[in-house]
Amino acid sequence: MKNSAILLLQCPDQKGLNAALAEFIYKHDGNILHYEQHVDKEEGLFLARIEWDLAGFRMELKDFPREFGPIAERLRAKWDLAQSAHKPRVALLVSKYDHCLVDLLYRWHSGELRCEIPLILSNHTDAKRHADFYGIPYHVIAVSKENKAEAERRQLELLRENGVELVVLARYMQVLSAEFIRHYPNRIINIHHSFLPAFIGAKPHHQAFERGVKLIGATAHYVTEVLDDGPIIEQGVARISHRDELEDLVAKGRDLEKVVLSKAVGWHAESRIILHGKKTVIFD
Amino acid sequence: MKNSAILLLQCPDQKGLNAALAEFIYKHDGNILHYEQHVDKEEGLFLARIEWDLAGFRMELKDFPREFGPIAERLRAKWDLAQSAHKPRVALLVSKYDHCLVDLLYRWHSGELRCEIPLILSNHTDAKRHADFYGIPYHVIAVSKENKAEAERRQLELLRENGVELVVLARYMQVLSAEFIRHYPNRIINIHHSFLPAFIGAKPHHQAFERGVKLIGATAHYVTEVLDDGPIIEQGVARISHRDELEDLVAKGRDLEKVVLSKAVGWHAESRIILHGKKTVIFD
Amino acid sequence: MKNSAILLLQCPDQKGLNAALAEFIYKHDGNILHYEQHVDKEEGLFLARIEWDLAGFRMELKDFPREFGPIAERLRAKWDLAQSAHKPRVALLVSKYDHCLVDLLYRWHSGELRCEIPLILSNHTDAKRHADFYGIPYHVIAVSKENKAEAERRQLELLRENGVELVVLARYMQVLSAEFIRHYPNRIINIHHSFLPAFIGAKPHHQAFERGVKLIGATAHYVTEVLDDGPIIEQGVARISHRDELEDLVAKGRDLEKVVLSKAVGWHAESRIILHGKKTVIFD
Amino acid sequence: MKNSAILLLQCPDQKGLNAALAEFIYKHDGNILHYEQHVDKEEGLFLARIEWDLAGFRMELKDFPREFGPIAERLRAKWDLAQSAHKPRVALLVSKYDHCLVDLLYRWHSGELRCEIPLILSNHTDAKRHADFYGIPYHVIAVSKENKAEAERRQLELLRENGVELVVLARYMQVLSAEFIRHYPNRIINIHHSFLPAFIGAKPHHQAFERGVKLIGATAHYVTEVLDDGPIIEQGVARISHRDELEDLVAKGRDLEKVVLSKAVGWHAESRIILHGKKTVIFD
């Protein structure tokens, strides 16, 4: 099993960045496994993902901030350090449609998706049997207009108690409050069943069917306070024709949603995403 | 060379439609080459495309309306009859970006696109050399806010003089007036460089770039009075990443636009499209 | 719930076929829901799928052979009649990789895949827990070079006892004998993890990785006596790059296999496939 | 206009490579525009593409080999240096099908494809008018079994006289001799109209049609002495169905071939390809 460190970094572009970063790793005897960088020319922004082997690396990761801090400060860099051995703790939220949930659980169980899933939250009991099959605690918290604040309070408490680092809305059909979102900034991933920004909001398949499009889509994105407007992580499309009725769109959509959402969650879990402004850079 | 007749028909769904239509062709000794039908269940609408060999068909096509009329009336059917030997007369309109124009001309010249192209209209001189190469009259009519009505009057006159049956906006960057469109209802095809209904209006690639989408698209649609809102004929998408700058989006978009537009024009020219409401049925 | 009859038919092409077929349905007051035909010009073969509503149809289906027989004989037609209300009995065979099995079971359970699954056969115990979850009998029959004939005899017995009409090899890693295949001619569907005919035989992902292809594929096909050579039902591909290691190919392959196999099984179950020579016609 | 240098490099993987390379560029005040590296774990091979701005770079490129040589030697690296301002000289070879030729010429003329095209070679006169339109010398050298050696001798002479650096077989239907290929090792790109390694050799569309595949493909690859076996640069596929006759496959194939070949030529021209063993790494 690979034991590596991953640095995600963004800073104003300037000469010598790659040299400074690569030199720093090398100075401590790190063997770089992956090195990718990108320059956003419009914003003059340098973005990089560096992954190196911890075998032979002559620094404790707990000392990394102290050692790397001065360099980051000089570069005016925002950065995050992750460790491949650490599996992020992911909470899955689901309502009645459980295809994404079941798909994520299978990928997690088979080892394809490297994360912990300490709990599943739902406003319905329907998916509980799948949670039971995989031995994951399943909490039902009904949500209504009246109790929404209280329901979210209980949800947040459960997330906190379980040390959740990423919240995945696996076809969770409730809109989260701005208050909720603020607890997990850029840490909530949603799957929307359209090719955003087309068909924002409710019933996108119905909208697509009415409009007569020839392709349907699915979009995984980080959740922000504006509905279906957060930074896009991944999108997929499938061809449809007049022979497809609404239920066929829905069925084809399910296959898209599963693949698109699981990719997004996997990239996040493996520290492959840098967010800048409204865009994502995916170091896949 | 195939010499066939093509009937496009739509009518309220009811029992016996296929029998009535197939029987009618058979009664006159027609050999059906393609027979496709579709039922739109929501609208209770039956749509069909029937193509039969004219060799051995014991009826002059000029007599078809008289012979078929009573049946159509009984079925309350709207219908069109086309002949594969007839190549529809298509006018191409273009501004400065000439990739779609050049692509359509090549397909036409190689015989892939079965139509006549009696003229090209443009508000710029740039593409004239390609028209000259293929020996097609190229008319430059400058369009400004001031002279728009007059310019359209001259365009319409040229279209009429040339017996044009289909107008193709091959990246023609002027919005046509409602008055113009009324002269060619469901006879104007436009290529929009986005996956409609996302990124309606001006500079869709810029909009896509800003929004951070992971796929770009192109849409061929019939032109109606509402901008970018007409019935969609065909759509395509291409994957992009953060590595693609705006000019890469534009380049990838060109390849999409060429394929999507040429398919749409080809289907129209071969009488493969039935329009109903805001949707198209493509009998490909 | 739709209660319809489906006729699949192939015969030498000639005039009047559509009239004869549509007229026959209409004569007995059948309301045609879908009517699709295709002419294979090379072989001069007419192929059709006709689906009509049984509500109001004035004939018992048990009488269909007697009534339709003379017409079929006159047309020299091969035909099959199915009923949408009948769910075909499907046996799933699996070895250790269970992603296709789990996917098919979920689709079946959710109602997307319309069939019965009376049993699962495996040469390993690994997937039993999924069978148990969905309440489907799971039979383990170990297969070795020595006991292969005996093992197949027991498998065939179980298939026969359970009235199985379709055998699906959901990543079953044993090659079936010609003898076995003869019991289910054109009734065994396999998923091969390559874009056939590329990478026939063992370890296609390894072969693809070595060859340096830029897309990987999956192919669902009917099983014949020649390995990986049967008629293709459906294929899919996914883009890969140098960044993908072998295990990434395998992971991307899984998503392809699930979608491609489930489509093929669904089409077979809904009587949407006609086989002629080495080709399939899919009336989707 | 960007004026940059591009270093393509491969060497045995080891610690400190990124540091050494980035440091070397930085030491001479180079501003890195793109930096991508890849490690092929199976072969323990490090591969990198580094592009930096020549504005402000304090070294003449003619001195680069002297300055960089000792480092390369220490790393046991194979490397190539290119300059974005240098447009490689590309010869196009074509037979009768001219869609790829016309497509490449248009992309070249519009500036999308950054190269010089000093000449076109053909064994037929058919495509000459397109060469004339774009003002490019067109040489017809008929090739037969008898004169092949002599014909190739004349072709090689023309390529040499014109300082050709890359040979593009844009649907050139003659097999080149091993002798010819040896003059342009890894400098000849061919487009094969199938998804290699499926349908090697003659008439791949016919083979695909006979086999009943559901997708057709196109493959751009470097030419080696074994037919259709060279390293793959890019591949594309398009969906087909029973409704597509052979001529439809050919038409859909043309669109694939144009896009796939032009991408491959563009990547080569922009020094985005590293070849190692039988594989390509594309730094796009």
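The first chain written gets the first letter, and so on, giving A, B, C and D; residue counts start at 1 in each chain.
The rule we apply is simple: contacts are C-beta pairs under 8 Å (C-beta built on N, C-alpha and C of every residue); 3 or more make two chains touch, one makes a residue touch a chain.
As the structure is a prediction and not an experimental result, all values here were calculated from the model.
Distance from chain C peaks, on a Cα-centroid basis, for D. Over half of the residue numbers found at the chain C and chain D interface occur in both copies, marking it as a same-residue contact. Chain A and chain C have Cα centroids lying 36 Å from one another. Rounded to a whole number, the gap between the C-alpha centres of chain C and chain D is 41 angstrom.
In chain A, the positions touching at least two other chains are 243. If you check the complex, the residues on chain D that touch chain A are 15-19, 21-23, 25-26, 29-37, 39, 239. Within the complex, the chain C residues that touch chain D are 38, 40-41, 195-199, 210-215, 217, 231-237, 241-243, 245, 278-282.
Those residues of chain B whose C-beta lies close enough to touch chain D in the complex are 99, 102, 106, 110, 112, 129, 133, 243, 251, 254-255, 259, 284.
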